[in-house]
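In the part that follows, the structures are each spelled out as structure tokens.
Shared between the two complexes below is chain A, which has chain B as its partner in the first and chain C in the second.
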Partner chain A sequence: MTAAPYNYNYIFKYIIIGDMGVGKSCLLHQFTEKKFMANCPHTIGVEFGTRIIEVDDKKIKLQIWDTAGQERFRAVTRSYYRGAAGALMVYDITRRSTYNHLSSWLTDTRNLTNPSTVIFLIGNKSDLESTREVTYEEAKEFADENGLMFLEASAMTGQNVEEAFLETARKIYQNIQEGRLDLNASESGVQHRPSQPSRTSLSSEATNVKDQCSC
Partner chain B sequence: MEELLNDVVPQEDLERFEKKYHHEQELDGEVSTETKFEYAFCLVRSRYTNDIRKGIMILEELARLHPDGRRDYIYYLAFGNARIKNYTEGLKYCRAFLEIESNDQVRSLEEYIKKQSDKEIAKGMAVAGGAALVLGGILAIAMAKNNRNRDK
Partner chain C sequence: MACFYRQHDDTEVTIPRYIESSTGITYYDIKVRVAQVEWLVERRYKDFAQLNEKLEEPSSRKLLPPKKLVGNKQPAFLETRREQLEKYLKELLIHFRTQLPQVLAEFLEFNKYDIIYLLQDLAKLFNECGDALLSARKEYNFSALEVFAISERLSLPCPPQSCNIEERGKFDFSHVLDFCSQLAVLVVTPSKENASFGDYNAVDVPIGRSNIIPNRLSFNLNAFRQLKTLKFSALSTENIVDIEQLKPSLEQIRVHNTTITHINQVLLCDNLHKACDVPSVLPPGIVSEVAATSKAALLSTDSWSNLAELDLTGNLLTQIDGSVRTAPKLRCLLLEQNRIRTIQNLSELPHLQVLSLSVNLIGECVDWHLELGNLVTLNLAQNKLKELSGLRKLLSLVNLDLSCNLIELLDEVDHLAGLPLLETLRLTGNPLAGSVDYRPRVLARFHERANEISLDNEPGTAVELDTALVLSALLKSKQRQQQQQK
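Let's turn to the complex of A and B:
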């Protein structure tokens, strides 16, 4: 089989984590399908989504693993953290308990990913202002203290959903450019794909063969 | 969907939950439902068919005895069966699930299994087609011979 040229230059692996019901699957769905699911059942184990985006004229394929927040999946979904280039850590601004659990999610993430993994905190359901239980300022302070990127978003209205996924990718890309992320490390969560693989190498091989034949 | 089914459990995770399972078995003579599920969840994501089969057996038992977690068990029964190309069984579990609950995650697994099993059927037909050609060829030769004999 001939290697078809990839239509992207990089693959970034993301995970989405956080308590059950905070809206992880809805955020993913909004990002990949631009639609809101009003009645979304609990994820079983893990779901998967993908989308190709562009950063700095480079095409990047995001492979996104959306984990189940239900407690019984907590231990087994830890396998998916390994090799994540980006982690979207989600809480629900209308449920304080989901915010209080962040430090435990953060501990897992730090323990199971690389130092270069970009962690983006999302306060979801920002459309539900009237039932808010966590202020923006408080969460922003938590994010700053822990070196996390942060936005409030709404999977329902779509507000800041693109931004969260794209800014994570930009940060990962920047880490690559600045040499903070080792592309050769097996668990960097990034794969580089030359956009025109084997084309050039094939033709040079072909000329080599010809050269040999002619002598 | 393909990525989910092709994804393989890290060996060390499989081993960790396997150890936990055996540890409980030795210590208490029985294994908790959670530990069984965790072990089965790793087994059905293994690279090896025998592991997947073992995972399916554990999940079948769980689904029979513990109705509260049934949707998780049935989903991973469909998933495990799909990974070892037991498409008929896989579809059965998807349909059983969808009768109880409308669910996009299960629906996309069902669609994927259907597509894969259609592909297998098409392959089977291609082989049958090949056999038909071969047999047809033999028949044609035999008939030509017969005709010649008759001409004589």
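Let's turn to the complex of A and C:
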């Protein structure tokens, strides 16, 4: 109820994708709540989460869209790629099939996002070393071939979860600094809030948003 | 539509009757027939005399019956004169059968109903002020007849220039083609005289005093090469025979006030088989990858690859059929003032941001988040909605208009309170909006976010937000109590 939630310089849009049951919702929950959610229900359509992080002394609000992995929701979830600044592509290191499907997820991502979208590959469930089916080296090679960032993480223990979300943000921020990402493009997935927002600047922001609408 | 050039052998002019007007002037009703097309023109003797003077060849001059000053109102005289004038016109048509002089064409209104002569008028207009029109706005309103004439003229084996030597340049059809090829926005209406032509009951009304019915003219749009926007009013897009060439470049389509009942009558307007079972053009999913690829390849020629806005306001649509999938880049879909009861086939439009279904017959919305993805603006004003639970997970919504529905219970607002990005909400005109303290009570449902919501076009005032804060605290404690009881 304080002004604190508005105190940020950027909004970055993320999307989390990957097969059913790889732990997308758990990764989001671990990142936003810092807790592991056991018995997580299947996502219906999409879920949404936010968290404010800091990169280079800039406050960045992450708006994260967590999509359903089930094939029957594929059409609806596809629309959320639009305007994503970061895409977290998740597979399960204990199930090879989820790794094999990565190319299909990557095709969707490349087709439906803009070229500047940062794609981060996450091999989840790294705590389950005993049932591992996909080696780190193999996945690393896939990531390098396709120009993806890569980490193995565990939504259960929280290992590397922060890092994955933050590394993505740093890369996006770096793209902005280096001018590779056009802030004015309608679907860059990044919104800049230049000054410390007061009530007035918020309303002017709202009109800007309307102007951007092409219709 | 008439084509004297091709059908002068099957052309006939008669004067079936004369009419005496209330002011005492006698008019002769001239009937022109070119093949199946016919029209009537009203002229008085003075008009005939003027025409006769303007005609340059003296040989024809003697044919006109002489003027009579006294006794020119007697029926017997008028009847003979009618016959003489008819004979005069017949002789003229035979004399000028290869090319009607401009004055005669205008006298018989060929410039209104005949392809060649109508286009000569257009050519003259575009030659004089085409550039001015284009530099002001790249938009032009054509009548159905004019578009039809352009389309037909392109396939006529006839040189673009008129045979009138002295005016050759002015009437050149190339001026029309030049203008059309630069046009970005094409507006087509049944006729031009009535600019406010908006009533679809009138589409079967013939043009002028002819038997030409605008809605029965089929045409292609091949002359319009750089078109971005197509606007049809009171005229069905099914009159377009071939739109293939425009599909890749069109960005906006508007069709208003027609009797179309299906979207496929617009998007698949030149397809004979309007199968609703249009396969997806999106990258295929994991399952059925191979099958989908081959289908997608087949369909790629059929797709509107740049169409961003489709506005079908004011038609008789009853459903959203599968043909919308042929426009995968659609961002804005306006289906206001139709007869739609539910939504379908929208899940495969990944770029859809704005959807307006105001003034339709939507009575319920069940789990719309499974049908609609990343939608930013949703307009459901003037429908019959009572419950809002189906909107609870349209998490990407920023603007939501629910004004003038049948929402009674304040608890329905709770379904909207969980929409994290919602900024503007309209609920005015619902039964619940009539209750005491309606605004603060609605805002209270948004708890911490109350001050971010603009309700019915204005943000909450300080007083309203204070009240909302108290109400929100009360609601929360009530919820806590209920949870404890459980």
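Here is the rule we go by: the second predicted complex is superposed on the first by the 189 of 215 C-alpha atoms of A that agree within 3 Å, B and C clash if a C-alpha of one lies under 4 Å from a C-alpha of the other, contacts with A are read in each partner's own complex, and residues count from 1 in each chain.
In this section, a contact is a pair of C-beta atoms (placed from the backbone, for glycine too) under 8 Å apart; a residue touches a chain by one contact, two chains touch by 3 or more.
Here the structure is a predicted model, which means the values were calculated and not measured.
K.L.:
When the two structures are overlaid on chain A, which partner does A:48 contact: first (chain B), second (chain C), both, or neither?
P.N.:
After superposing on A, A:48 lies in contact with both chain B and chain C.
K.L.:
Taking the superposition as given, does A:82 touch the first partner, chain B, the second, chain C, both, or neither?
P.N.:
both
K.L.:
After superposing on the shared chain, does chain C or chain B touch more chain A residues?
P.N.:
Ranking chain B and chain C by residues of chain A touched puts C first.
K.L.:
Regarding the shared-chain residue A:104, is it in contact with chain B (first), chain C (second), both, or neither?
P.N.:
So A:104 only meets chain C here.
K.L.:
Who does A:112 touch here: chain B (first), chain C (second), both, or neither?
P.N.:
A:112: touches chain C, not chain B.
K.L.:
Find the residues of chain A that appear in the contact set with chain B and again in the contact set with chain C.
P.N.:
44-48, 50, 63, 75-76, 78-79, 82
K.L.:
Tell me, which parts of chain B touch chain A in their complex?
P.N.:
Residue positions touching the partner: 1, 3-4, 9-10, 13, 17, 34, 37-38, 41-42, 69, 71-72, 75-76, 101, 103-106.
K.L.:
List the residues on chain A that touch chain B in their complex, please.
P.N.:
37, 41, 43-48, 50, 63, 72, 75-76, 78-79, 82
K.L.:
Going by the contact rule at the top, pick out the chain C residues touching chain A in the complex.
P.N.:
280, 282-283, 285-287, 289, 308-309, 331-332, 347-354, 369-377, 393, 395-396, 398, 420-421, 423, 448
K.L.:
What part of chain A is in contact with chain C in the complex they form?
P.N.:
Its residues touching chain C are 1, 44-48, 50, 63, 65, 71, 73-83, 101, 104, 107-108, 111-112, 206, 209, 213-215.
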